[in-house]
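Both of the next two complexes hold chain A, though its partner changes from chain B to chain C.
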Partner chain A sequence: MTQAVAGPPAAVPDERLARESPLRRLLRRPEFGALLGAVAVFVFFSLVADAFLQADSFSTVLYASSTFGIMAVGVSLLMIGGEFDLSAGVMVTTAALVATLVSYQLTLNLWVGVAISLVVTLAIGALNGLLYIRTGLPSFIVTLATFFMLAGANLGVTKAVTGNVASDSVRDMDGFESARKVFASDVDVGGVNVKITVFWWLLFVGIATWILLRTRAGNWIFAVGGAAGSARAVGVPVARTKIGLFMGVAFCGWFSGMHLVFAFATVQSGEGVGNEFNYIICAVIGGCLLTGGYGSAIGAAIGAFIFGMVNKGIVYAEWNPDWFRFFLGAMLLIATVVNLIVRRRVERSA
Partner chain B sequence: MTDPKDAPLVRLAGVGKNYGNVIALRDVDLEASAGEVTCVLGDNGAGKSTLIKIVAGLHRHDLGTYEVQGEPVAFSSPRDALDRGIATVYQDLAVVPLMPVWRNFFLGSEKRKGFGRMDITFMRRTAKREMAAMGIDLRDVDQPIGTLSGGERQCVAIARAVYFGAKALVLDEPTAALGVKQAGTVLRYIVQARERGLAVIFITHNPHHAYPVGDRFLILNRGRPIGYRTKEEITREELTALMAGGAELEELAHELDAAVSGSGSRAAKELAEGADHLRKSD
Partner chain C sequence: MLAVAGMLALGACSSSGGKKGEEKATGGNGPRLKIAMVTHSAPGDTFWDIVQKGAKAAAAKDNVQFLYSADPDGGKQAQLVQTAIDQKVDGIIVTLAKPDAMKDVLARATAAKIPVVSINSGAEDSAKLGALAHFGQDESIAGEAAGTELAKIGVKKALCVVHEQGNVGLESRCAGAKKTFSGQLQNLYVQGSDMPQVKSSITAKLQSDKGIDGILTLGAPFAATAVDSVKETSSKAKVATFDLNKDLIASIKSGDIQFAVDQQPYLQGYEAVDELWLYKTNGNVLGGGRPVLTGPAIVTKDNAASLEGFAVRGTR
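Right, the complex of A and B next:
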């Protein structure tokens, strides 16, 4: 590799390397480590769990991956932009509760509830961003505060309105069937039922990747995460970019919340706590640096896929599902070590 | 080199700046013309940063006049200064290390082709060409800019400013954090920028970096100019002496001498000799 070819590295920088091989280019991609991991996990569960390779179970794996993956899209972009959102998990529940409670209490068409929920959720995202920008506190602290506030409000408001910890079922209300088609239906792919969230997931990953790599906004996202001061100095609107990223997470939270509503018709107000870390794990396994400025939406998708494979694979292998978290922790550790090595390599001569 | 009938690109006359009751800058005259390098020298706290901030549009001056191409100006933001062709490259705020060279080059001024899409082919080609024009032959414009040396990174920032229409380039201590070789690289690009017809204002505390490339030298001390010379009017030794402040050095030698009285104080003796030498050359 480099070391073999190079003489003294700093003296003649333009002659350090011959043309780079495609393999080395692949090695440098942020999602490379995750891809290797995904192949390893796939082969592993194919061997130990007979049911794993059946089309139906694979569809289940994809469904589990998509529910985490959709959130991981927003969370990974935010992380590339250098920030965390710990309120992402409970925000999904908040979005779902707003849609159901508002529609049910005011007897509105569910689509109205869906729209109101979108507005409310985006406002929460914008609030996260504004609080972060205005206070200058780490996003970790700001969103930890909103996490607790939302978690408390979810329970408190639901109990006050319904007298119960869950929202009333909206299954028989106007708009349920049509909205269900959009957010929670099954699609027949060659005789196998695949959840529609899988396709939404792939679409969101595609859009996010396009934004990151092909648009000016993407350039700004990398810049505000990599070196906010430098970005500001060359005229990048740092505050606007970061607030936009928090709102991106909120949008994904809204979508995931709508899936909950139309998949189950009733929403448990205590749900979502702890999921925020799962999304972050997906992004980190996928090659996003915790410090920002580096990563990819495709990587986060691969991370979510690994997540889904392990989550369901353990069941198909008939192991005690308690071990899921152990695996998760181990993968997180391996992924961060790989990322660390990547970053050192990238900044080697800096 | 300059066209005599043209007013200098940047001209400060009697410029002063107060921060509350602190006098940060007083009576500063400075000219920077196209195709010339004006060096601003001074120790820490001499007022160099205040001066740059005024030129760059970050702060407004309180006294005197600031003219761009003969027209008095009072900038309210760096954007104003940029619009008049005055670009500032800060030492530590130059680039985003993890991003590819071409993304850094166009950061904040991305070339677009509608729907927010960037014209990536154009940007990559242009970055490569502009860097080549500065004498840096990039192996790959996709390499993270962090893999370039510190000197080269400064040069990307300079090339970027030149490309985006800068007529005057303000360089804030571009050689300060660099090794000898890398500082040499940056100095070469300063000369290149000058040869491309830019007015360069080069801030440094190192007379050995300033003298070889400079056409004019402004030396600041405690917010006041203690010398403003063209290259013909000053030698490298004089510049160094002005910069070091021969009198202050002598005073320090005395103090050291008093503190460590006796023949053992080698440091004091050396300082005294240095001060002597400086006084002679002044």
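Right, the complex of A and C next:
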């Protein structure tokens, strides 16, 4: 199933049985184009930015990449499953606000807030999925609605509860220090401080890759993204798979939200808007197709890494930051074109 | 001594001229310093352009390499400060619109022995977060000045248009204005990076509440938009604003806008760079641990003409 949907349509069925050379196999991977891009960007900034190659700077780049990358894990799986989640950006803020507001207002241990936030965020993800399944509207529209609702609720609830537009600081509350260790601490790697989010990111990418390539659920994800109708016909639980994918995004949103809480102690209710596109960009640079059915979690991770390198590399290179988004757009264009060319080449020679 | 150094720098600049002079200026008798400014500005904001002009003027005079970066998102702004630390700059200038987000990264700057100066918003947090000095306007005092002025021009029911949600400084402006304003003042939140949206929000508010007779915007570009909305809805609301630019001066002269509360952004950029240079070359600290106020300076029809030249140049 995976091969038939994920790979190029095979003209002759026997081809699938033929052995491929390792090089061809590498070229066929969805993340190959992104990998080329990452190497190019890395070499480029190593040459133009003096500070880029220092260990401290590289740690900063990895941190920036991880904050995009953790969300890109959930978002890429969802995109392989053929759907979008435009509420992903503000959902991070929602998760963070729920944890801080609940803990602060009820004077609870922060871990209780963390748990409640997980339940609420997963419920929002499930709601996104259910709305999509029940209404049959494109996920683009459904999650656009939840995006606005969450953005409004973030401000409305925060303002109503605290009287301000930001949540109260939870820095001195019980559980802050222990939760900070989990969500926002520094890890000393050979004298360089690396943010713990980097390790969580790698772990999530590993888990997602395992799910995609080694489990039945992974086959279902490719199947529902490639051709939902045929997938249903052969007995794939389409509704369950898609709802699960939306909840996967919500889980990543919850984790990112917890990082915000324990890194900064207060949460600004208006933040997160616009980030949803950054996550999608990471997934697309990494080889996910907008049409679904094709892509990988590792690719999205490489996409996030490219995004992080460009994001901070421009600063290290001491360029005019006014041009940042221009460069970002150019990167996106180049990355997708490279992907396209690589895929066409492989298809033609297959 | 410093005056002499400054004059030497100016002398060097004018004799060789322009860009060239900037490159080889010898303002400081020592190695060229590198100073980074990290703000919470959205891209392409007039106010921050004026701050940068002030900073660049001081940088040219002091032989400083000036780096600028900005991100409205608190977490990302903190990351940008981290990149400045990674670059081993000689001084960092930050805004503290979201002080909690900046706490840890500023502690790392202090640990790396990089002096920090804060500008614009966040006067109350500046010293706590380890900054040497703060250059800005006390937003509450400025708000109070605006409230008094609004009452003086006969407004009874006014809007306070907040264009950057979650910015503590903007909130205290409205709160300050509320304190001294004799009438009723309510906040309206708009998305400052999207001007059509700002306009439609203000228009909708004016249409739904005919009793509004005053609008206080918190940034110069929004005042012009508010004037448009007022004209469109043929409302009688009088518009007043914080901050200044060249179009605004013309509007004040023509009477479309009643007054502007200027916090002199040029000074904030200029003084911040100059203070870091003074600190690095002579150990000086301005303000004695208290914020150095750069405003409020009220601009009305009476003094608008005298400032027009500076505003046209984009430095006022």
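Convention: the second predicted complex is superposed on the first by the 317 of 350 C-alpha atoms of A that agree within 3 Å, B and C clash if a C-alpha of one lies under 4 Å from a C-alpha of the other, contacts with A are read in each partner's own complex, and residues count from 1 in each chain.
The rule is simple: a residue touches a chain if its C-beta (ideal position, glycine included) is under 8 Å from a C-beta of that chain, and two chains touch if they have at least 3 such contacts.
As the structure is a prediction and not an experimental result, all values here were calculated from the model.
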{"item": "Partner chain(s) touched by A:T215 [first = chain B, second = chain C, both, neither]", "value": "first"}
{"item": "Which superposed partner A:V234 touches (first chain B, second chain C, both, neither)", "value": "first"}
{"item": "First (chain B), second (chain C), both or neither touched by A:A223", "value": "first"}
{"item": "Touched partner set for A:G293, first chain B, second chain C, both or neither", "value": "first"}
{"item": "Partner chain(s) touched by A:T135 [first = chain B, second = chain C, both, neither]", "value": "neither"}
{"item": "Touched partner set for A:A51, first chain B, second chain C, both or neither", "value": "second"}
{"item": "Chain B versus chain C as contact partner of A:Y63, first or second or both or neither", "value": "second"}
{"item": "Residue ranges of chain B in contact with chain A within the complex", "value": "79, 82, 90, 92-99, 103, 106-110, 112, 116-118, 120, 136-140, 144, 146-149, 152, 160, 181-182"}
{"item": "Chain C - residues contacting chain A, complex", "value": "43-44, 67-70, 73-75, 78-80, 82-88, 98, 100-101, 103-104, 165-166, 168, 171, 189"}
{"item": "Chain C-facing residues of chain A, complex", "value": "51, 54, 56-57, 60, 63-64, 67, 155, 164-166, 169, 171, 260, 263-266, 268-271, 312, 315-316, 318, 321-322, 324-325"}
{"item": "Chain A residues touching chain B - in the complex, by the definition given at the top", "value": "10-11, 13-14, 16-17, 20, 214-217, 219, 222-223, 226-227, 229-236, 289, 293-294, 343, 346-350"}
